[in-house]
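Each of the next two complexes has chain A plus one more chain, namely chain B in the first and chain C in the second.
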Partner chain A sequence: MLTEFHDALKDPAAYGKRLKEEGGRKVVGYFCSYTPEEIIYAAGAHPFRLFGAGDGIHLADAHFQSYCCSLVRGALEGALAGRFDFLDGVVFPHTCDSIQRLSDVWRMNVRGHFHLDVVLPVKLNTDSAKAYMTDVLEKFRNDLERKLGTSITEDGLKKAARTFNDIRGSLKRLYELKSENPGIVSGADLYAVVKASMIMDRDRVVRLLPGVVRELEKRRGTGEGEEGKRLVLAGGICNHPDVYRVIEEAGGVVVWDDLCTGSRYFEEVTEGGGSPVADLAGHYLARPVCPAKHSGLYARAERLVEIVKEKRAAGVVFLFLKFCDPHSFDYPYLKKALDEAGIPSMVLEVEDRLPSEGQLTTRFETFVHMI
Partner chain B sequence: MSQVLLYLLAKVKKLILHFKKQNKMKEIMTVYYMEAKSARVGGRKVAWITSGGPVEPLIAMDVIPVYPENHGAMIGASKMGVGLCETAESMGYSTDLCSYARSDIACATVNGGPIGGLPRPDMLVCCNNICGTVLKWYEVQARYFDVPLFILDTPFCHVGFAQEAKRYVRKQLDEYINFLEKVCGKKMDHDRMKEVGKLSLEGQRLWQAVLDTTANRPAPMSAFDAFYHLALIVTLRGTPVVVEYYTQLLAKMKDRVAKGVGAVPNEKYRLLWDNIPIWPRTRWLSQKFAAHDACLVADTYTSAWCGTMKYIDENNFFDSMAEAYTRIYLNIGVDEMARIVIGMVDKYRVDGIVMHSNRSCKPYSLGQYDIQRIVEKERGIPSLMIEADMVDERSFSESQVATRIDAFMEVIKQRKS
Partner chain C sequence: MLTAGIDIGSISTKAAVLADGRLLGSRVIFTGYNSEAAGKKVFEELLEELGLLASAVRRIVSTGYGRSSVKFVDKAVTEIICHGTGAHFLNPLVRSVIDIGGQDSKAIVLDEHGKVKNFAMNDKCAAGTGRFLEVMANALEADLDGFGEMSLKADRPAGISSLCTVFAESEVISLIAKGESRVNIIAGIHESIAARVSALANRVGIVPPVVMTGGVAKNAGVVKALEKKLGVPIEVSPFAQVNGAIGAAIIAAGLR
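For the complex of A and B:
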């Protein structure tokens, strides 16, 4: 049932290449879940999310210092090594200081595809920011039309919003099923589904996901037995599926998350009512906020505590990418909010590789026993 | 009670300063901090503002602006950075975070540092034209002090300033005024704002003129002097004291030029500095380079406070602020930064570049390698990369840096001979 998702993740670039060759579709790479992928999809192109390279980083060292995060260095490494040559274009949404400079350095050093910046607002909770967000998305639409030599229609945008709403809705349903019956699917499997949904052909994903939902619904009530300690995983991007397995082996189970490759991506859908672009703008303003953006002083802590309570979790595991400023800055205040609510938490800071498994297991076991 | 004393002392000192017309930096800054610390006695409000933020509306509203970044620099220069950074780390802040932010966040809780902490803010004004870090830092402080926060969101200009960004920033300037009027409980005096705008521009012109004097051989002052004199254009931009101070400083520099007096006694080599100073080590670095007869004649940092004058409309300062504050040095693409560096290489006729790869400042440091390559290619001059931090001395290895400077100066000397 999940083979197709796992296969896509084994070699995302190979998947992207194949899609391009077989489907005859243009492939547009992007960073960050704030990229309005609906507009790329509505242009008839394939939105393909880019993640860090993971393994050895050498070429990027000529451009970025060691105190730049492995996501940014790894992505540049991939580009310089030619692993993204199949892309027709790359989109850089404004997020953090490092992605911002990645865009510059990429534009100056990587050839062969178009380059678009989507300079999104950083504050999201004012009327002027809303107007600006709409302007920026409209501009992105025009830019893409020009770069791809196509036109993006109102109907196309509406269909795109529906497709991505369906995808997000299904992912949310899968998370709910897992949360209610943690034994029916492993964390690593669920992670693969979410991440692959950002890489695979969305028309395929939107058809596959309901099948996965049905399958998991069928499994309800089975796989009973011992349930691990219920945990919430919080942080930026999770590039380490092994984390789920190690947590499970240590006696825990991830029942929800606050991740960019998780609930922040799918928890809200695009509401209709206005023009398609304005509706999309509304979605990106209202979705769960990333720490690189501002939507009130307490939004993130309130949401995290709410998730823990709603999902009846026993604790939170913060998973941070080393050198990720926005997440590191929020940590003390999130931790304080959890402490005040009596929710235990632990931090795992990861560079491009996980710590040794033994070390990781010990840390998770200690935490699980403590809560 | 102590605030009242401080307030009276500030008044007296100001009066003395006024009559003596000495305008010594230390006295101006002392009066400034004393006034800020006793603001409540004088019935004035205090706003904390980012170094790249539009301070002019605050001055026009008679609000005292206070700069946590300037405070961070003071903490660094007085070598109190490590202790405060460690305090922040014990509060849960990662060692990889900006050391200005770490030391300021820690300082607020312990009232430590060289001036016993900053005066409590009545409001916070955060302009993200310098980095995304200030947004997080000001969020932390807004929660800690429980005061209103205004965010001026200046979209990044990768390849120019988009129309929609211009509209957005201009609209936010109105929101900024509304915010100030609400917090201060009074209306903005727009005539006063115009006056402040004129003074700000005048201050910027004078500061640029001061920096321009170092195009002379020998340079009458060095970048290390500029780091010192910079404080006023950052903190008191838009007030007459800045105009007065830089007028005098300019006259002094012109006099030195006329007499052929250089900052480095035997200036043979001219260098350009890139990035924020390594505050705890400015003296050491200055002496180190001077020992090689090298003068750091210019830098990309101090010129940032007068780098966007071309966008300012003298007769419409307020409206044109939108563009001037959005297009500052750190809010533009790496390629445009490289062009500015090349412009400075030519203007100041430098023999090499010293780049501070600053762990604390990603917008400034990420992209430096590319700038380095572009400048080396286009102007054929060597550059040195120093790995350090602006405040946190734990990231500074004196022996390593000394060796690298010696080796770099050998290259420069060979090329010149």
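For the complex of A and C:
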């Protein structure tokens, strides 16, 4: 059932290349879940999320200091090594400082495809944010039309919103099923579905996901009765499927997350009612924020505590990329909010590879025992 | 009922045997290359020393980084939990444990029952660990067992600013070349470890009474430097190095 998702993740670049050659479609790479994928899709192109390299970073070290996160360094590594040569363009949303510098370094050192910045607003809860966001997305639409030599129609945008709403809705349903019956699917499998949904052909994804939902619904009640301690994983992107296995082996189970490769991506859908671009702007304002955006001083902490309570979790595991400063800046106040609510937590800092498994296991086993 | 705990660390392997909550004996050997063999060996040697047969021991718990490599035990439990249990057994009033082992250091906060309330672990590098001391002893051509005593004679501890073990070793070599006294360098090394470990301890928010466990606790210089940095007295039991094994043996007694 999940083979197709796992296969796509084995070599995402090969998948993207094949999609381009066989489907004749243009492929547009992007960083971060704040990229308005719907507009890329509505342009008839394929939105392809870029992740870190995962197998050693050497070339990028000539351009970035070691205080940049491994996602940013790994992505540049992939580009400099020619692994992203098949891309027709790359989109950089204005989120954290490192992504913006990545955009600059990329523009100067990586040739062969177009380059677009999407300068999103930072404060999303102000009166002017909606108009600002709508303008930015309208500009992105015009830029893309020019770069791809196509026109993006209102109907195309509406269809895109529907497709991505369906994908987000299915992913959310899968999370709910897992949360209610943790034993029916492994954390690593569910992670693969979410991540592959940001890489694979969305027309294919939107058709496959309801089948996965049906299969998991069928497995309900037949699960092995997984009795692990219920945990919430919180942080930036998760590029480490092994984390789920190590947590499960230590006696825990991830029942929800606050990740941009997770619930922050699918939690909200695009509501209709206005012009298609304004509706999309509404979505990107309403979705749960990451620490590079602002939607109220305590919004992130309140949401995290709410997730823990609603999902009846016993604790939170923070998963941070080393040197991810937005997440590190938010951590003390998130931790304080959890402490005040009596929710235990631990931090795991990772780079492109996980720390030595022995020590990782020691920390997870102790944490699971402690809570 | 006889129970045993086996703590397989990165540098040394420890065993302890308890009879109904009373410590019968303990033993320490080097771990070497094969952690499974070390676990087996220390257990057999301790049994021989105590004149016991393996069949007399009802339950065994293993701990330490090599805890999963031994197959003859009833359960494997992390060394953080075992150090907490061991420290509580030796002194029920203890609320915090600082464990400096061969390859990592840990700060553990306990509740009144000896259960882990919070912990932090330095698992990123060798700074602030037993391995760091070994490297420095080598650079100084000094006997590690005498480190503690020697550092207490220092009049002005040398400043060592590098966090990295390899760079700190170069710093020590430069200090030797500059003619700095050995005792001051050793005291500086201890202060550098104390700075690392106290940062860890402050992060979890340790509460007194504090006890120090692990092999490095045998070094009075590190204990003194850490007391100064943290501003609280630190207790060291004569069983500091086998504390994890004792904790494992206690947990073994509670197994059903």
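As a convention for this text, the second predicted complex is superposed on the first by the 369 of 371 C-alpha atoms of A that agree within 3 Å, B and C clash if a C-alpha of one lies under 4 Å from a C-alpha of the other, contacts with A are read in each partner's own complex, and residues count from 1 in each chain.
Here is the rule we go by: contacts are C-beta pairs under 8 Å (C-beta built on N, C-alpha and C of every residue); 3 or more make two chains touch, one makes a residue touch a chain.
Note that the structure is predicted; figures quoted are calculated from it, not measured.
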item	value
First, second, both or neither for A:G358, with chain B first and chain C second	second
Most chain A residues touched (candidates chain B, chain C)	B
First (chain B), second (chain C), both or neither touched by A:N142	neither
Partner chain(s) touched by A:H369 [first = chain B, second = chain C, both, neither]	second
Touching partner for A:S151 - first (chain B), second (chain C), both, neither	neither
In the complex, chain A residues that touch chain B	62-65, 67-68, 94, 96-98, 100-105, 107-109, 117, 119, 121-123, 126, 128-129, 131-132, 135-136, 139, 291-292, 294, 297-298, 322-323, 325-326, 328-333, 335, 349
Residue numbers on chain B that touch chain A, as the complex places them	91-94, 96-98, 101, 128, 131-133, 135-137, 139-140, 142-143, 149, 151, 153, 155-156, 158-159, 162, 164-165, 167-168, 171-172, 175, 333-335, 357, 359, 362-363, 365-370, 387
Contact set on chain C toward chain A in their complex	65, 77-81, 104, 115-119, 121, 123-124
Of all residues in chain A, those that touch chain C in their complex	344, 355-356, 358-359, 361-363, 365-366, 369-370
